[in-house]
Every structure is written in structure tokens, then in C-alpha cells.
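Take a look at the structures listed below.
Same chain, two partners: chain A is paired with chain B first, then with chain C.
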Partner chain A sequence: MGRAGLAGIVAFAVGLTTVLSLLLGNNPALFGDQPGSEELARRLALPGDVLLRLLVIVIALSIVIGIVNLLYIHIGRLTRGKFYSAVLLASFAFTIFWLTVNRGDTSLLEAVQVPIESALAALLFLSLALGGARVMQKRADIWGLLFVAVVLSVLLGSLPLAELAPVRAFSAWLLAVPVSAGARAILLGIALGTIVVGVRAVLGLDRSYRG
Partner chain B sequence: MTEQTIGLISFVLTLMVFSYVLGDLPLIGALYRTAIYIFVGMTAAFTLVVSYEGLILPYLQDIQNTETSWTTLGYQADIYIFFTALLFGLLLLLKPIRAFTWLTNSAFAVVIVVGAAVALAGALAGTLFPLLRATVTIPENLTADFSALVDTLTVFIGTMTGLFYFQYQARANSEFGEEHSRLTRAFRHTGKVFIVTALGAIYASAILTSLTILSERISFLFQFGF
Partner chain C sequence: MSEEFNWLDYAEPDEEAPAPSARPGLRRFLPRRPTLPSLPGRPRLPSLPSIPSLPRLPRLRRRAQPALDKPSAADLLSVHEERPLDELDDRLQSLRERAVASSQPEAEARQALYDVDELLAAPEILRKPGGVISAAALSKAQRQQVELLKDIVGAPQAGDASVSRIRLSPPLFSLSAIPRIIGTAVLLLMASLPFVSSDFAEGELPPSEFHEDRHGPTTLYNLLDNLTPADYVLVAFEYGPTAAGELDAIAELFLRHIVAQRAVPLIVSSNPIAIAHAQNIISRVNRSVAFSGESLRHGRDYFILRYLPGGPLGLRELSENFADVARVSYKGTLTGLQFDSLDDVTYVVMIAERAEDMRNWAEQVAPQLDRTPLLAASGYAAAPLAQVYADSMDEIVGLVVGYRDAYTYAEMLEANFAELLRDASELGSGSAEASPAKIDEQPRNEAAQAERPLATAVPPASAIPPPAVAPLPTTTPRPPNTETPTETALPTATATQQMISVVEVTSPRQVRIRRGPTTADDILQLAQAGDMFQIIATNGDGSWYNIALSNGLDGWIAGILVEEKALSMAEFLGGGGEASARLSDERVYLRREWSLSLGKNRPRYYQSNAPITGDIPEYVLMRDRSAEVPRLRAMTLGTLTTVVTIALGNVIFALSALRRRQRNGERK
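Up next, the complex of A and B:
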């Protein structure tokens, strides 16, 4: 076994330990009413606790490394005279200065972050409305028609008009029954996909960590 | 910062973002891009501060406190965990150096596999089992209400055929997906009806949410500007 196999063995051992610890740990009911079941469940949870704690710190460090990399790239672009990189770096430096001087103050968040995020979310309406209108141009089939009909039903059903009471009732049924079933199928599909990817990663079949 | 200053900055930035609607004209496009770069710089700074103050600093303070411990292993174990994490962070930085690839890959393997294991356990215990239980559980006094019985059956059939539709798609995209019986086609189409209906409702909800935010922004612009 060469050095390349080390990552695979580490991955398998760590992955299996984490999964078993998370599923079996802190759950004494799994071991029945026997005297040592609580202690056993607590001991089984320990490796998962340690590895999760390790993961959280590594993720925090990765975020810091990512931000340092972003700044490094924009400093490089600044030397080539890029105006927007100067804006980004100035905005970053000002925010760090502001948060250092005014600790716990959220006014910068309210003045800049919230309005830009809200305005971007508001712009999304135009893209969604335009996209919805184009569905029938691009896909003039039964599925496109069904999609647009459902969108219109839900939108009309949300209007507080007395004349639209039947549409509102239909929209409520739509959300409670077929949409609920479709959403459950989508969520179950996502969960099954996650499980497959997770098992592949734990067994070392999907070595996405190899550089 | 006073309320008036906050309002003025919000007003200007909202207009800068909304200038996107006017298209990519020389000066107008610059306004939108400037707002976006301000946003990215500020978000990076906030993220850095929150990561440091919310995660790294409490851990640093914790490992200096001999009376508290993250696990049942005691105070000494916290120090080992913290410095192992620092070592992993250092190894992530060494990724571009080819001579250390085998070592950095091992550190990556631990991070990715623990993340995958958490997702796996979460998907099993948090999504798969509860949703399957909710789908197959028969509600009480169902026989008294015929429409409730029909609705429950519809949800069950919709969920199962929706899942079959995903499976069918996977088969259809593979080299083995040649057989198309009438029954599988019927299952597939039924599942697709439920999936398209759910996606349509999600799309409509996204439209409603963004419309609510748009009306709030326009109302703010009129209140502050006029």
C-alpha cells in the first residue's frame, strides 16, 4: 500500500466511526433496559462529539483561509488597476474598522447589508416572472401547461378577493395534497441521494478529496 | 449611525441595485457593479468577524478554562482537539505543494468524510425515517371522512410514484434503461405530475416572496425619497 492509500484508509475508519457514533450514541433506548445501557450510549457518542468539534474548528479556519484568498486575489487585481477590486477592498477594510471601533453595533448591517440583500431579492421577482412567462414559449407541452396552471392557481389563491374563494379552496387543496406528495418525493429523493453519496464517501469509493 | 443616515445609505444602495433593470449601460452598469462589490467586501468582513468571534475565539477561551470541557474526556482533550484542528488547517494551506499531497489528502479525507457522515446520519434520522413514517402512517378517524381517505391515498401514491420517477430517470439515463413497459410509463407519468405540481407551487411561492420584498423596497423608496 502506497501513500495514496493512506487517505482512503483514514477516510473509511473516520467515516465509519462517525456514522456509527452519530446513529448509536446518546440513544440508550437502542440497548434496552440493561443497567449499563446509558453509559454505553454515552461512550458511543464520544468519537462523534470529538470529530464534530474538530470539523467545526476546521470549517471556521477554512472560512478564514477562503477570505484571505479572496483578499489576496483582489490585491493582485488592484495592482493591475481594477476599480471594482479597490471598492471591494475598501468596503472590507471599512467594515473591519467599523466593527472593531463599534463592537456589537448593527447599524452598518442595517444600512448596507440588509438593503442590498433585499433589493437583490426584489430583483429576483422580475427574473422569476419573466422565466414563468417564457416557460410556455420554450416548452409548449402538457408539462409546461401543468406547471403554469399550478403557478397561476397558487398565485390567484393568495389574493384576498371574495370572488376568488373557489380558487383559494382549490389552491389550499393543491398545497395540502399533490404538492405535499411531490415535495415529499423530492425530499426523499434528496435524502436517498445524500445517503448514496455519503456511503460512497465513507467506503472510499468516491475519493473527491484526491488532488 | 442615526436613523436618517441609515435611511439615506439604504436609499442610495437600493437605487444602485435597481439600476440593473435599466440594462448594462456604461454609467448605470457601474452603479450596480459597485453596489455588488461593496456587498461582497462587507459580507466577507462580516463572515470573518463572525467566524472569529463566534467560533475560533470561544474555542480559544474554552481551552484556557480548566473547569470546562467540550467532551467527557476532560480539559486536556480540548487542547488536543484544538491543536489537531489547527494542524488540519495548516495542512489545507499546504495543498498546492505537490510533495505534501498525500498528507493534505488525508486531512481533506477526514474533513470531507466527517461532513459526509454527518449528512448521511442526518438524512437517515432527520429526513428519510420521519418522512417515510409520515407517508405510511394512517391518520386516526380516517374511515369517518371519505375525502380524507382519498387525500391520504393520493399523498401516498404521489410520493411513491414521484420516487419511482427519480429512479426511472436514473435508469433511463444509464445504458440499461431500454425497457419501457406500459406500467412503468404510467408510473413515471403519474410521478411526473406530482413533481411538476410541487415545483410549480415552489416557483409560485418564490414569486410571492420576492414580490413581497419588492413591494417593501418600493414602499421604502417612496417613503424616504418623496
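Up next, the complex of A and C:
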């Protein structure tokens, strides 16, 4: 048995244990009113609980590894004269220094990151608005026309103008019926996709741990 | 993953080459994978001579003149006469302009490509040997696409040293960017005008109450308004700085509403930046409170719990092991909070930026909540998907969406608390401690505050509701402009022996207490199996009971969900003797119930414990709202301008497309 086979067996065993533990654990009703059913349900929940908590710890640790890796990469780029890497490293060092000196202070977040990210969101709006104005340049057909009509309906429906009450009603219907149906379909698709990916991972069909 | 793939110098290893015999590292000690016997392949069909085997190329290249052996993108553009250059999108036009610009001074490069007038130069890519990506194996289809890309952009083939590399210098300004610049300038100008002048006040402001058809936000408001000082509320900040402009307002209002009633918010997030941002919101609340010594303090008035890593897994851990999560603060210190499960908190409030956050909470947390409702708010982008969950799941209450709903929430909140402040002021004309100014001077219940972090969380007060009227000892003052001069009966020694009619909730599921005796009425409160309430009245056919709630309100509960009983007051309180004793020490004020439906409900008054252990109106009323109205106007004007821009742009482009098609038809 190769390394891939061993990894597959471990993944299969862990995955199956977790699934069974989550399904059967903490549910004494499954075992009837017999004495000890609650204890049994509690014990069955334990493996899944422990494995999930281990996973959360591993994920938290991976964030630390990610930060170290990021620094390592940008230090390497710095040796090749990359200016942006120097900016990143200097910002990182300054932020650590600032938070060490002013413990618990979040003024950097408030003064730098929130305005920058908000500005990026505003830029995204401008891009979308200008992109919306050029839909017919890219796709001058019935589907492009339909897209533009729906966008305009929803935007007009969101305007607080008394004259647009009929459009607002249509926009509300649009959001309540077709959009809601589409959202439910997406949720169903996500659920089915999650099951498929989960089964593939448990059965060792995914490549990530096959060596 | 640090190394970039060198497309130009990439050379695919020969598939036929024998594998190296020596294997690196520890793999040499592992047994080799056995070679499976080859299965019989598909029979090889004879090729049909009449069908030419064309390479898989995009339509543009298939239409190119066959005389060009290996045309570049510039060749394709120059020889393709059927499609005018101005039809190309901006990116291709920009590429073409850059290629033309860069090919002018590069005579050598032009010479390297035979019979080419225009040149699309490839950017310089430095080769870095080694690395993870450069060792990645490409499939056959991917290799073909690499070669195709090299052909299209006119890149030199591997090993072709005759072509010198060209360093591109992009032009500072492109004519194709003019419409974008104009559109951006117009949008920015129109969105900025309401901040400059009040003459650009287009559109109506959001209503001061949620529309009567929107029961979700109204119920959410009611539930938070029924909080008591014993309640803990889990507040999930699931949004980052990107959505701060949209969701900060509602997050701040939720926090103000909770802390104004002396309930304790427990802030949690699966987004580490959101945790830091929550501190800023708390600071903002504190800054707005003018009097000193009353600011919120971590570990006493609010808690920020530790970060939940792992997205949905972190939320799963929250719902399964809330006792552990609540034990540690974001600083890594112990909070002193002791909970058994997530059902020990009164409400869970979740503010989501993305639909995925809403999905995670609905799937990982909401199913684990037996008694606690999940109150949801989201941004506009997440609203369509979040609304589906709010409509489908009984555990989820909401949805409050975006900045406009935040404005309505603020209006409701301020009207309610302003009324309380006014009541207290007028009531206090005869008693010093009742005036708002004196509220600040009242000694805080320091013992209770000190105990709070260490106290075991208790079920919400609604579990054993004291009767609304009987234990209140004082004469109820008259509220302004009201005809409800109710005087409460003085408690007597025999009050606890009095028999009263109560209902006990028998439904195993959560029961909704509503404002009126129909399911269409707003929800005021939720009740669990075993909760008991004193009966005030019944409706005509006895299918609904009018009951007294713990906070002085009265509500209606469906008869099929409860069982009627007759109990003595002592039995009814059932260990609530302490509560009634505590109540007797407190002053009782009248507080106006907010009329939640326009023109439907008349204002009325109910009794409330204030201000010592009750509401702190300053946390709600001392907000800076100066930017709200200009911002809403700017949103309206910006949206209007966007509509005009999109409509105008598409009409122009549609007419242009029609004219082009007509011209092409005439040419054919």
C-alpha cells in the first residue's frame, strides 16, 4: 500500500466517523426510551466533536502558517528589488509595532483599512454602473435587452419616488418570485454539490491527499 | 506558489522519454506502484480524407488569410476587414494601441516578424528556474492553448533567440477611456451634490416605521425592545470593512438598542477584522454618551468573544460548544461567563455582508437553537438569498436590509426612547430621581454589575413572568396627553393568596405571542413549553387569550397552544418571589408603546421599570445623525443617475449595433 492509499484510508475513516457521529450523536430519541440511551447518544457524539475541534485548531494554525509564508515570500521578493513587497513588509512591521505600543488600539483599522475598502466598494459600483451602460455594446440581442430591462426595473424600483410606485410593485414581484425561486434553486444546487464533494472527499476520490 | 510560470520558455518534457530510474528523497524507499496491464484501446478508425483537420482556433483566426503562417494578433486585426477596429472592446483596442506604440521604436523587433506592419509586443517575462508552478504538468489541451496564445499574441517560440524582448511603456491616456471618465465624473458629481446643497433633495426619506406588510423587521424590533437587564444577546458581526458604509449603521443601532436596556451583548465573528471593527462601533457608542463614567466597559457591559476560525466549522463549534467559546475573550483572557448552551442567550442577532454568511448561520447555528430566535440583518447584495432563509425558517426573524432600513429602525428607536425620556422628565417634576438629569447621578447597581460577568446566565425573564399589575406598589403617574390614568392596586399581604387564571404553554415548539388575536398581527415575544402567563381576557370565541407579559405589555396567544389553569399568585410566581420583591423596590414609570402600524394602532401606555435598572435613553438619543439625510439623498440621486447612464448608454450602443448590421447587410 502506497502513501496515497494510506492517506485515503485515513480520510475515509475520519470522514465516516464524523458523519456517523454527527448523525447519531446527541439524539437519544433514536435509541428509544431505554435506560442509558442518553449516555449512548452523548458518547456517540464525542468522536465527531473532537475531530471537528481538532480541525478548527488546524485551520487556526494554518492562518499563522499563512502569515509566515506570506512574509517569507515577500522577503524573497524584496531581495529581488520588488517595491510593493517592501511596502507590505514595512506596513506589517509598523502595524505590529503600533499595536504593541498602543495595545487594543484600532485607529489604524478605522483610519486606513475601512476607508480604503469602502473606496474599493465604491469603485466596484462605478465599474458596474459603467459596465451596465455597455451591455448592448457587447451583446446586442434579446438577452442583452432583457438583462438591461431587469436591471433598470430593479434600480427604478429601489428609488423612493412616488411616481414610480407601479415600477416598485413590479420590482418587488421580481425579487419575491423569480429571484427568490432562483435563490432557492441555487441553494439546492449548493446543497447537492456539497454532498457530492463530501462523498468524493470521504471516498478518497479527490486529489488533495492522494500523495 | 511564489514563482510565476514562464509561458515563453516553457518546454514540455517529452512524453516518450523514459522516467528517471532514481527517485528523489524518501520515495526511493517506498514500493513502486504496480503497472497495470493495458486495456485494449478503442479501435483506430480510418481517417476520412474529405474532412480537413482544422486546428481548434477561435473564429477570428480561422477567418484570417491563409497566407499568414503564424499570424499575430496585430496581423489578425489588420487583415480582418469584415470587423472594424472600433467594434473591438476597449481592452483589445488598448492592447492594439500599446502594440503600435511600442513597435514604432523597435525596428529590430519588426524585422524579426516577417512582413508585419503592426506589432503586438509580448511583455517581458523573466524566467525563474524551479518553483512549484513551473514544475506543474499541463494537459494536452492546456499545451495547445498555450501554443495558441503564443501564436495570437505574436510571442516568440521557445528557443527563438532572434527576437529581442520589448519593454512596454503603456500610454498615459487612451481615447477609449473618455466615455468612462465622463460617466464616472457625472456619477460622482451627482452623488456628491446632496452633501453640498439641500436643493438636490430628490425622493422621499425612508418611512419612520416599517411598512405594515413587513412583519419580519417589526418583529425583530419588538423582540429587541423586550430585552431586560438579565438578558444576554449574541451579536454576530459577519461583515468586513468593505461593507462598513452599508452595515455600520444597523450594527450600531442594534448595539445601542441592546445596551440602552442594560442587556449584555456578546459580540462574536468568524471574520477577524470584524472583531476589531466591532471595537470601533463600541467606541463610537461610547463617544456619543456625554456624561462621564457611563461608558461601556468590556467584561461588564459587553463582551467580545474569541474569533471563530474555519468559516462554517467555526460556527458549528459555536453552536455545539458555546460554553467554551463564551469562556474566552478576543484578547485571550477569561470572560467569566458560564453558559450551558446557545439557548441560554436570549437572542442571536446576525449582521451579514454576504449571502454565504447568512447560509452558514442558517445551516450551522439556527438548527441548533431550540428556544432562541435568530434575528437577521444583511446588506443589499445578500438580501435575495437571506430573505429566502428568513421566509423559510421559523427560527429566523427578519430581515432588516441595508442603510434605508437602518434609518427606519433609528426613527422607531429614537421615537420610543425620546418618549421615555419625556415621560421621565415630566414625571420627575415632583421627584428628583425621576428627572433625566438625575438619571446620570443615580448610583449604578455596582454589585449587580460586578456580579454580571461571573453570574451564570439565566433563562430570559419571560420564562416565569410576573404579573403585570399586581405587585407594583406605587401610584402610576399620569403620562402626558393620555387618557390612561391607571392607578395600580397597592399590594396587600394577601395578594399572593389570590387565585388567578393563567395559561401554560403546552406546545413543544416555540410559540409566538402577538399584538392581536390573529396570525397576521405582529409578534411581540416568543414563549417556550412550560411558560405561564396571567390571563387578562379572551377573544369572542375563546380561541385566543389576552395575556400579561413580563415587561408590562400584553399580548395574544392562540388557545390551541396553551392550557388554562387556576393558580394562586404564589404558585404562579413559583420561586419568583424574589422577583416580585425586587420589583417592589423599583419605581414604576409609564412608557408609551410605539405604534407599529401607521393608522392602525393607537398609542397606549404600559408600565416599565425605569430608570435605575431599566433603559438608558442617552445611549440611543445621543447619536450624530447629521449625515444621514444627505447620504440618503445622495443614494437616491446616484441611483437615478445610474439609471439614466445605463439607459442612455445602451440606447446608443443598440442603435449603433442596428446601423452596423444594416450596413453589413447592404454590403453582402
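What we mean here is this: the second predicted complex is superposed on the first by the 201 of 211 C-alpha atoms of A that agree within 3 Å, B and C clash if a C-alpha of one lies under 4 Å from a C-alpha of the other, contacts with A are read in each partner's own complex, and residues count from 1 in each chain.
Simple rule for what comes next: a residue touches a chain if its C-beta (ideal position, glycine included) is under 8 Å from a C-beta of that chain, and two chains touch if they have at least 3 such contacts.
Worth saying up front: this structure is predicted, and the values here are computed from it rather than measured.
Of the two partner chains placed around the shared chain by superposition, neither chain B nor chain C is touched by A:36. When the two structures are aligned on the shared chain, A:96 is found in touch with chain B, with no touch to chain C.
Touched residues of chain A were counted for both chain B and chain C, and B has more of them.
Of the two partner chains, chain C is the only one touched by A:140; chain B is not. Legend: residue contacts after superposition of the two complexes on their common chain; A:64 is shown touching chain B, with no touch to chain C.
In the superposition on chain A, A:114 contacts both chain B and chain C.
Once the two complexes are overlaid on the shared chain, A:14 sits against chain B while remaining clear of chain C.
Applying the stated contact rule after C-alpha superposition, one finds that A:159 touches chain C and leaves chain B untouched.
Residue contacts after overlaying the shared chain place A:55 against chain B and chain C alike.
Overlap of the chain B and chain C contact sets on chain A: residues 3, 49, 52-53, 55-56, 59-60, 63, 109-110, 113-114, 116-118, 120-121, 126, 129, 132, 148, 151-152, 155, 158, 175, 179-180, 183-184, 186-187, 190.
Only residues 2, 30-31, 33, 89, 179-180, 183-184, 187-188, 202-206, 240-245, 273, 276-277, 279-280, 283, 309-310, 313-314, 316-317, 320-321, 331, 359, 384-385, 387-388, 391, 404, 636, 639-640, 642-643, 645-651, 653-654, 656-658 of chain C touch chain A when the two sit together in their complex.
Within the complex, the chain B residues that touch chain A are 1, 5-6, 9-10, 13-14, 17-18, 20-21, 33-49, 51-52, 55-56, 59, 70-73, 77, 81-82, 84-86, 88-89, 92-93, 95, 101-102, 104-106, 108-125, 127-128, 131-132, 134-135, 151, 154-163, 165-166, 191-211, 213-214, 216-218. Looking at the complex, you find that chain A touches chain B at residues 3-4, 6-8, 10-12, 14-15, 18-19, 22-23, 42, 46, 49-65, 67, 70-71, 84-85, 87-93, 95-96, 99, 105, 107-126, 128-129, 132, 143, 146-155, 158, 174-192, 194-195, 197-199, 201-202, 207-211. Residue ranges on chain A touching chain C, taken from their complex, read 2-3, 49, 52-53, 55-56, 59-60, 63, 73, 76-77, 104, 106, 109-110, 113-114, 116-118, 120-121, 126, 129-130, 132-138, 140, 145, 148, 151-152, 155-156, 158-162, 175, 179-180, 183-184, 186-187, 190.
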